[in-house]
Amino acid sequence: MHNLTTDVMLHVSELSKAFGALRATDAVSLEVRVAEIHAIIGPNGAGKTTLIAQLAGEVLPDSGRIEFLGRDITRLPPYTRSHLGLARSFQITSVFLDMTLLDNVALAVQAHQGHSYRFWKAARRDAALVQPAMDLLSQVGLAERAHRLASDVSHGEHRQLEIAMALATRPKLLLLDEPMAGMGTEESARMVDILQGLKGRTAMLLIEHDMDAVFALADRITVLVYGQVIASGLPDAIRADTSVRRAYLGEDMTAG
Amino acid sequence: MKRAVILNRRSWTLWMGLILLALVPVFTSLTGQSFYLDLVNRLMILAIAALSLNLILGHGGMISFGHAAYLGIGAYCVGIPAYYDVYSGWVHFPLAIGVSALFALLTGAICLRTTGVYFIMITMAFAQMMFFALVSIETYGGDDGLVIESRSAFDPWLNLEDNLTLYYVTFASLAVCLYLMHRMVQSRFGMVIEGAKGNERRMQAIGFNTYRYRLTSYIMSGAMCGFAGALLGNFTNFISPEMMDWMRSGELIFMVVLGGVGSWFGPVLGTAAFILLEEWLSGITIYWQLLFGAILILTVLFNRGGPLRGANKTRNRHA
Amino acid sequence: MINWSLIVTQCLNGVQLGVLLFLLASGLTLIFGIMDFVNLAHGSLYMIGAFFCATFTELTGSFWLALVLSLPAVAAVGILVELVVVRPLYARDHLDHVLATFGLILCFDTLVQMLWGPQGMAIPLPTFLNGRVTIWPGISFPTYRLLIILIGLAVAAGLYGIVTHTRVGMRIRAGASNRTMVSALGVNIQSLYTLVFALGAVLAGLAGLMIAPITEASIGMGNEIIIVAFVVIIIGGIGSIKGAFIAALLVGLIDTMGRAFLDGLLKLVISAQNAETAAPALSAMLIYILMAAVLAFRPQGLFPAKGQ
């Protein structure tokens, strides 16, 4: 069996964030282990977005600690976390709409190829950027659309682009904020396939509402309600947990 | 979709424009109208300034309302040494570039921590600060400005006293700046600036420290504009704080906007449109500024939807 | 030997400048806070207030009557501007606001030149305002400047009262935090905006006409002070009237006291000759240095408006 402490990639302890009287994150503690997919579920307003924002570095917590690969990253800015191996996708699509899909991913690749104080060589003809970008687009199934403007593609393709961009930064841990948001059944299934393909190679912290996807993908599940963790463990245990059923799943527990 | 560099419609405009500019002195010497030589010379100098502003405004989405400060700084870097009888162009021009870059670094470091309206107002305020500072220094002419006896000396290679030489020096500078811009915009650095304009949050998430890159582009922009300022000081032989007035900055923004924000040759077209319109209208009536202002307003009202379309505008205040 | 008389006088001058800046800045900050609109032409409204007052004083022979007549006149101009130029631009980005209002400045400057000629216009004051008032044994201060301070403070108090204690004020504050909700509730947002713009115009015009008897009404008089008004709202926090008030007084005092006393202070530390060259430039730069210092610690200004 693996030693529990060296197995942990992301260690969140007692993270708290309040907005006035609202405790968006209330002493949240959780762990993500190497190569695991750890899902976070919870009803709307549970504070999932705030949690991701703190993990990504966009919001500073009031108290608590975030440790990534043994390093305290609680107050580090997003771009530093990216270079440590933490990548994220956004819940509301956040890509470069005026650029092609290829440019979008190439930019993410570029971010991790040293500094960008290069003023002369044309970036769009730089094989060192274009090749990896095309590979990534193939991985998510967008290779044929590479030269379309991001503003011209469908919502589902945006979500795929988000994943490609996150992967371009060669992450050790992916923070996925509702990757299946707004997708139809077919598109969701495709996304699940993509994520399944990454399983075992990249650890993931997955926030999702889509219960089918969650139970298909997750190794472990944490349930967040009103900013607090009310249960955490293996999927079967979560399904059976009465407080979870009461607080969240209720009658809608059709999955599995 | 390969981007053809040499012979598409846009570059056709560019080449025609450059050829036209190169031939102006021929026309003016044939017709004896040296007035037009001066007009186009001034136009080219301002085009360089507009080009520099386009880097941060058009490509970077940073609305600097204080860019005229660099024109003034560059000009004073010619004027103040001249006051002390230092006439060497080898001093003037590097000084203009250096001091402008420094000013850009110091003010940019502060301005770039802000966004949106704050940024506009702060850049305006810093430029006005320089304006007042120079107005108050009586030694260098204060409000009345500074007259320089002779232009920057580049003996024995160039004699800028000759208007034709100055014209071609300006022309060459414009061509070089255009080329530099062209390369920079397509480079990795250019991609970062464009990305930061479109979606800064995303840029940070993928690992770019956008503040540093923006500051770099801001400094480069200031330096180029300072260079234009040194040319301007030489051209007019007269340097005054008026060059830095915030209203001059507004005019520069118009020159960029009129040409189509973001396109790399646009600023030259925009400057040409602005200067020629100004010239034409002021010949018609002494109240030309009324017409000019009205035209500017109409341009904005009927512009297709905002020059900064595509920029991730922070419509919510102070993000 | 401390010259108290000079210090007190300069202090009061600083307050007087502060009060004028507040009148300008409050309108600017309201317009930005509520409509998200950057109005560079605010200085033009300041100028127009001054010229209206000059003409009305000439026509009626009474400064007071002129004051009363000028305010609605400026309001009318403000409403016209809002309807024609500003309203179509609310949905656009700030660059468009800035460019359009810049064009407006050119138009107004020229219109004033066409209507009033290139020379400025003086505004004669009633005799009793031309004198001085003894505010302390040995310290006197021009009566008119004192009046400016009093009127300014009264307007500030009135503005505060309106915004916090009336229904209109409530709508204004509500509109600031949530436009769509407010219009969904049936409040006519368009009229509210026009009202706010007109209010801003009146405040600017009032400032202009109050300073004109001292400095003359002249073309382009608003173009320099508008920058200082921007500095005030940056320091105070865009959207905040309280911030504008405090920042305006701060800026007014620092600018005035700086110009008056900096060379004296500098002479204590450096040579007299250097002090004399450096002081004017440095004192001109003071308020901008202050702005930079505030922004270094509080990038949103001292009192950023809530809910934004």
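Think of it as A, B and C in the order they're written, each chain with its own count starting at 1.
Here is the rule we use: a residue touches a chain if its C-beta (ideal position, glycine included) is under 8 Å from a C-beta of that chain, and two chains touch if they have at least 3 such contacts.
No experiment lies behind these values; they were computed from the predicted model shown.
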Next item on the list: From subunit A, count the fewest steps through touching chains until subunit C is reached.
Entry: 2
Item checked: Pair of chains joined by more contacts [C-beta pairs], A-B or B-C -> B-C
Notebook entry, point to check: Comparing centres built from CA atoms, which chain ends up most distant from subunit A?
Noted result: C
Next item on the list: For subunit A and subunit C, let me know how many angstrom lie between their CA-based centres, rounded off.
Entry: 50
Check: Counting in whole Å, what is the centre-to-centre distance of subunit B and subunit C, each centre being its mean C-alpha position?
Finding: 31
Next item on the list: Please report how many Å separate the Cα centroid of subunit A from that of subunit B, as a whole number.
Entry: 43
Margin query: Counting only residues that touch at least two other chains, what does the list for subunit A look like?
Written below: none
Checklist line | Residue numbers on subunit B that touch subunit C, as the complex places them | finding: 63, 65, 110, 113-114, 116-118, 120-122, 124-126, 128-129, 132-139, 246-247, 250, 253-254, 257, 287-290, 292-297, 299-301, 303, 306-308, 311, 313, 315-318
Item checked: Residues of subunit B defined as touching subunit A within the complex -> 1, 3, 183-184, 186-192, 194-195, 198-199, 201-210, 213, 216, 310
Next item on the list: Provide the residue numbers of subunit C that touch subunit B in the complex, in ascending order.
Entry: 32-33, 36, 38, 40, 85, 88-89, 92-96, 98-100, 102-107, 109-111, 113-114, 223-224, 227, 230-231, 233-234, 238-239, 277, 280-281, 283-285, 288-289, 291-292, 295-296, 299-300, 304, 308
Check: Which residues of subunit A touch subunit B in their complex?
Finding: 56, 58, 77-79, 82-83, 87-88, 90, 94-99, 103, 106-108, 110-112, 116-124, 126, 129, 147, 165, 168-169
